[in-house]
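Going in written order, the chains are labelled A, B, C and D, and every chain counts its residues from 1.
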């Protein structure tokens, strides 16, 4: 089966999630990856969304971090401050997912501004939960498409001290060097060349001595992921119209 | 109708509660006084028990601060930490009731030890909510029977900086002097003499220039209070026997 | 004091004045759009707007000139992209410059909790190794644990003059029930000097199980019954989030003229929330 | 890790060891008496016992020599009077001396909350003008607000090795439901390294409305089904508090020999909680 780079990234991220792990999930690709893992090899994965929904098992992907589906399928719905204090800060999260507009060679992230903070060229959404997810989750996974605009020599602003366990891109996987912690290319998707990965990186990317190739999505992985996306698209297709008692 | 000193104290305390006031209630006489007020002149009184029950309207008096009756008749039941942070510390309580083993002329209270702290003659239950009730409630009412053992020249331990608005005893009412804040006899129950009040006080008690007499309980007050106590006694008379599905 | 039942127009006019610090909370769910629109209609000015996620409602209020400042932690259109009016205010001072007080979600949660607890500040393990403290030195500091010597981050309490929430139900006594995802609503309400609530409906008896999230009526200054008051956000048990609206907003908000025309047609040009809902086609 | 369903004897033997800091929480309601009795049967020693209100269960554990220390805020028999075994330990070191770490309710609540939040300390406005800080200087200190300069009270986090709760229900996945008055149970559970729960019953589906207090199963190490496990405290929806028992305890506990005889007959002399309930006549 053919597949898109997004599908490959999602599958690669899903495969890193171990059965029973507690995941702090963001919207978009991380949410797809976590639910793909839950629907395949890790049925006991515990998903926490920052909106306060703990142990959710959505049948379709949420479009916002606070969709009703997340509350309806949660083991418990708690006030948001508890998510950040009792769950995240207290060390109850195994894996946290992050993305950003910019990443540097140490895995630090910028999601705040392009340009100077006080006179930004582009004002980005800001930190959200990222700084504390990065600090408190046992392992941090970063998911970002590679380009020289986003993989930069120097961040415009350090929103998050990233300390990733891995950065999953649309070309492969970078991991920090055991000694220097500098991000190093460790694995590539099928058909990707080292030159292509280096060309899409804004700093001289280190490459591991032994590079592995990541197996393409299996038929099961693709089928489950596509079915999930199909269900999601169907569920969200209708326009909301309110009906009130007359 | 004849009445007991306990009934007179309860009625005197109840009369001080204004309609709509938010009361932080303790077990025993304060609970009886608050519910008497609620069942007579102040139906909109808001009762908070430290167990987390907010806006309770019990039909019988609780025997413990956490009786099921308080939860069942509450507007909301919140975790105990919220009672002390969001309600008490944040300044949402109008009236707090306190009692103690010892009180001094400034209205400070001891409910911790008789004798030295490290080698007490009598270990008392301790502070509970008292120090923060005294600090954060807009008005503090103390209810204590008078004796030279409890109204003392010098506290064995200062559990609570009392700053009472009034001390209601079984003989009358003391209030702090506007200037010195020293407790001063302001009012007596019918048939009580200044000599009797002074004799039951461990320090030379100041007496106000103008002493008033507190009217005895009305028939309505006594009937409502006795009915409340009767309902309570009936409700609590039975022995609890558990029945389990076989 | 117990809650007054007022038409939304009167509740906003009575309780929200120019220059106030106002928090319209609700995390994706139960965002008080109707109340925000009414503040736009009443041309409130100089507000310091507090929300973890400004969302479309603050994008609209900022674009219409209501805000002197914003306190927030994530300012995007969820699942869609930018808040273009927020960006335009910060990047180009349009319609005028706004002050920015920026934190993380964890920091905002702690700030609301401190406010709700009557404390001047709260403590978290956060911001270390980031540029946030340097960018925002007036509301990010450190404090040392007197027991362990550990250095922690301190953030000042948020105490809104008014917190505005949308909820599912109120009873006649003014007790308010929120069900589902509540975000920092409880803390924002308890931190505020004044709480004003819009509800889907006023009922005889709240549909509230033991340990539900109920705000006692004596904590609430005013309640307005506004069916659909969270639209295009949602009210669990009443209606869903209109994701199509959030998607469509991107193109509307991207252009200043398109934005103003839309606001004129649907918000300032409508008398109330019922008229707004009809005008955007959200009611049958 | 997910919850293991174990007989109470095995749950206590596996998770509670001599010398640990243990919190059996529940505020008047849902006090885990069965678990405490099992610790007495297993002759645990050197425990630091943490509870806001020691209640009869700690009176019994202290009198039976389980405790090296106690951390608490109100140590009476509610509505009755003294805890005579607690008093005897402090006043006369019987059966041996115990260390006392004493706070107010507000202080204990903040200490548990700090522990639950992974912070080394918590902050409150408390203890000013009292003798408590001088009596307990190791766990009461001050901290200064870096924004306002205000001096506040700091108290260290409580992080029990094990928190033991009694709850109404658990489902097969180990999710635990508590209904009614919960006291500081949530904070005590989230502050603990290990959580062990006794429940009235294990059910297919929790009777839990949205926003109920549910502890997720992966937070719980072990669950034991123990009907009546809170008796003579109570479990809302299952049975009431046995106030007569609390009254009767005063005379039993007042005398060392009467206390030991009672404990031998009803606790150490019974095999488990069901036998205890039969022995005190609490089951039909």
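The rule we apply is simple: contacts are C-beta pairs under 8 Å (C-beta built on N, C-alpha and C of every residue); 3 or more make two chains touch, one makes a residue touch a chain.
In this text, all values refer to a predicted model and were calculated from it rather than measured experimentally.
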>> By the touch criterion stated at the start, how many steps lie between chain A and chain B on the shortest route?
In response: 2
> To reach chain D from chain C by way of touching chains, what is the minimum number of steps?
Replying inline: 1
> Approximately how many whole Å separate the CA-defined centres of chain B and chain D?
Replying inline: 27
> So what's the Cα centroid distance for chain B and chain C, whole Å?
Replying inline: 41
> Taking each residue of chain A in turn, which ones touch at least two of the other chains?
Replying inline: 71, 77, 85, 89, 136
> Which chain C residues sit where two or more other chains touch them?
Replying inline: 118-119, 124-125, 180, 182, 186, 210-213, 236
>> If every chain is a node and each touching pair gets an edge, what shape is that graph: line, ring, star, complete or other?
In response: other
> Where do chains touch, given as pairs?
Replying inline: A-C, A-D, B-C, B-D, C-D
> For chain C, which residues count as touching chain D in their complex?
Replying inline: 118-125, 139, 141-148, 150, 152, 154, 156, 179-180, 182, 209-213, 236
> Hey, which residues of chain B end up touching chain C in the complex?
Replying inline: 20, 22, 44, 46, 54-55, 71, 75-77, 85-86, 89-92, 136
>> Considering only the defined contacts, which chain A positions touch chain C in the complex?
In response: 27-28, 50-53, 63-68, 70-71, 77, 79-81, 84-85, 88-89, 108, 112, 117, 120-132, 135-136, 157-161, 236, 239-244
> Which residues, counting only chain C, touch chain B once they are in their complex?
Replying inline: 1-2, 116-119, 173, 175, 186, 190, 210-219
>> Give the list of chain C residues in touch with chain A in this complex.
In response: 27-29, 52-53, 72-76, 78-79, 82-83, 86-87, 90-91, 102-106, 109-110, 112-113, 124-132, 135, 180-187, 213, 227-228, 231-232, 234, 236, 238-246, 277, 281-284
